[in-house]
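Order as written gives the chain letters A, B and C; numbering starts at 1 within each chain.
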């Protein structure tokens, strides 16, 4: 295996990077599960107000890196990380940075929709409640309504906010999870294959939503579907066997990739 | 004689087996067509037939002439031999010995399962039957709603309200103790404890669960009750020497392992995706547990509590040894009360004129107890079933 | 940049600190709960051991007893009045004691069975008649208690002085009370032992095991593998689950009404006790055996069927051996449970004062937990200690059984 490839390859930064500030910076990040490294020496700059997608074959480490950004890997005892991840210039592993607040600033949507077995209202209200974002009941209702609207779910559920979140369809549940994530006013939204459990119509709606949200949030999305990456993201990073192989503007990565491996993956030679 | 009978039966069955097997082998060696079943199955077929005949004959004889008579092993032997003679000719190459034997085995298995059902039937019927006899003497209403329990008085009165109250009081104390202790231990073990700590805590709880109730009763009566009594006296509180508090406390500790292990299983069954969803929102561990995990686990935990209550209600030895005999109608935990199980025990442990209302009342109590625990268990099971698909 | 924010960006450190405090508090609640439970268990064990340990030892007086041929007939040595001989030898230690009342008190320091060992020796070897033997004789329970450091209020000062005198002369020995395991029950605490109870428990459990294991496994096999999955079998499953949760005293009622009253079986016999306990344990064995069968991977059964085995052959030749460890473990645990059950045995009459070891399954017997219950009711302090000692024996046996079960489970645990 060619071990030379390391970091960002394109000599020029992606076009988009010039237009937007950098939100997330990873410097030489290696994540271990036990003794095995799932990600090796990753260095990348992710911009704000844009959608960056991570693509690559199964087991290449993209989800692992995603989970490292909001320190969800901390919940796995055998996982450890070397290197640094900075958000807005601040190291997320800094001693005085509270992981609980980090996760409120960096929201996450999971592959399989996981609404709490509570009412729709309570699902969205959960985050604001625990972080004390609402001063009173009216505030809370405003936040919930606003989040549901932004997630494009409000019209469908406004009459049954007290119904259980699990009673919704798959696509609605995922939008509920997105509303839940938005409700705490994050700056970054991480999405781990958010549409892989959904049908094409629901997928299309979520992709529309992502497109709207990117105007205000930094969105990082892991996806198995290259077509989705092409549709939805402005930047694409290709991972392979724990390494970042290539990172650039989406159109360039898909039409004129710099690395042979990228080319092979995109044309379906493997993965 | 029983030993002889067993020997005879074993001998008959064993020789039948050998005979059948060798006969089948003989057929095989003759160079003819293949046997349908292995020779051993032919042996088993013969042995099964001989065994059944022998046992049947022995049982019938035992009923007829008493289990100690010589006729029992004798008839067993004769029946066995007769069976062999009748069944032997059927052995041939075409004979499906294995199938016949397997049918025999199936019948045996069914019979064994039937016994298990018979136990339930037996319980219900025996208790029901005797209870009905009781109710023919004492009206149901005075039993269920009477507030005086004095079966040995002249005239006796059989009102179970004091017993119900006593049972309830002690059970309540037990749950107040066991509920928090059991649930919090389960939460700690499932969510916070290191594997090493879990490895110590779980066996510890299993050890507590394995302590026989007579031991707990001894501890309650001879150590806990006097302790509570002197503690009460030192602050000027009158505490009976057989207080409900003592019995309830120890009974609570008895059911802590039950609540703990059931809750542990239930909490562990809550999908990790729910926890992940909560962590990703920036919730602390305890917030996740209190607001997401426990509500999701609630039906299971309620069910666990119900099972624990059912167990506490049906417990006998702790209350027999540590709780009182006097049917006091009170909610005072420092007083001595009695429970349904204590009364069942005291009424029946002693001389038995089986038909007196006094003795039969014990069965009526048993019936009430049975209904209670059955209902609780049934509801507990139902709750778990209904809410199981909640987050699938 | 995100524009919805205001208070949040800087975070509210007070709130966050409060949340973390709540986290720590909550976590400590759990640890405390666990700790309290462990404390209770420790307290229980310590109490029992402290109370019961002394009963494994007994105090004896070493006396030189002259075996006067005039008092023991060589032809029938067992009729000799050994108790009187021993009493005299004891009194010889205190020549100053003359008054009738004092002599009685002195005699009371000896157990009424003090001469038993001596009698056995002389009967076995009559040639000893005429010589003087130095033998240990058993002291009474009150004397024994005093020497163990309790019960100073149970004997008078005078008696205490006598005992101290004997001790100073070196005539008191403390040894292991083997009779605790070799004697049956007795009205005298110092003579009482567990032998009858142990044998009774053994016989009862034997019956339980003999009945419940084959029946339980057979029923489990049928229900799991051969029964059609219809409403009737569902009904059976519900019934068995219910049976597992029925209070044990109700099984006692069943035993009383059906086995004793209807079938007329002998009261308090290990046979009846075993029957009742077998029914008690049966549901648990069935449920556990079914689970053991369920745990066998279907691939095993399919492979067997694939080479042409019949359903029964697949079950008995292939699945059963793999399920055996699970069945064994749960049986041992079931036996452990049955060993500690008291209430059902009380119902079928095991409350009598049984001195002799039961000779058969139909003789009246007692069982270890019942013996514990009966002894705990007796007022003498010495019996309290005996009860605790019996509990130590019971718990040791149970501990051993559980240990074996856990060892088996670990040894045969397979990860499919």
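Please note the rule applied: a residue touches a chain if its C-beta (ideal position, glycine included) is under 8 Å from a C-beta of that chain, and two chains touch if they have at least 3 such contacts.
Worth saying up front: this structure is predicted, and the values here are computed from it rather than measured.
Visitor: Hey, which pair has more contacts between C-betas, B-C or A-C?
Guide: Of the two interfaces, B-C and A-C, more C-beta pairs touch across B-C.
Visitor: So, comparing each chain's Cα centre against the centre of all protein Cα atoms, which one is closest?
Guide: Here the chain at the core of the arrangement is B.
Visitor: With chain centres defined as C-alpha means, what is the inter-centre distance between subunit A and subunit B in Å?
Guide: One centre to the other, that is 53 Å.
Visitor: Could you work out how far the Cα centre of subunit B sits from that of subunit C, in whole Å?
Guide: 20
Visitor: What is the distance, in whole Å, between the centres of subunit A and subunit C, each centre taken as the mean of its C-alpha atoms?
Guide: So the centroids are 62 Å from each other.
Visitor: Among the residues of subunit B, which ones contact at least 2 other chains?
Guide: 284, 287
Visitor: Check each residue of subunit C and list the ones that touch at least two other chains.
Guide: Counting only residues that touch two or more other chains, subunit C contributes 19-20.
Visitor: Residues of subunit A that contact two or more other chains, please.
Guide: 100-101, 104, 130-131, 184
Visitor: So in the complex, which bits of subunit B are touching subunit C?
Guide: Going through subunit B, the ones touching subunit C are 98, 102, 105-106, 108-110, 112-113, 115-117, 119-120, 122-123, 126-127, 129-130, 180-185, 187-189, 191-192, 201, 203-208, 210-219, 221-223, 253, 256, 260, 284-287, 289-290, 307, 310-311, 313-317, 320-321, 341, 344-345, 348-349, 354, 362-363, 366, 369-370, 373-374, 377-378, 381.
Visitor: Residues of subunit A touching subunit C in their complex?
Guide: Of all residues in subunit A, those touching subunit C are 48, 98, 100-101, 104, 130-133, 184-187, 216-217.
Visitor: Inside the complex, what are the residues of subunit C that reach subunit A?
Guide: By the definition above, subunit C touches subunit A via 1-5, 7-8, 11-12, 15-16, 19-20.
Visitor: Within their complex, state which residues of subunit B touch subunit A.
Guide: 271, 273-284, 287, 291-292, 295-296, 390-391
Visitor: Which part of subunit C faces subunit B closely enough to touch in the complex?
Guide: Going through subunit C, the ones touching subunit B are 19-20, 22-23, 25-27, 29-34, 36-38, 40-41, 44, 47-48, 51, 214-216, 218-219, 221-223, 226-227, 236, 239-243, 245-254, 256-258, 261-262, 279, 282-283, 286, 310, 312, 336, 339-343, 346-347, 351, 369, 372-373, 376, 384, 387-388, 391, 394-395, 398-399, 402, 406.
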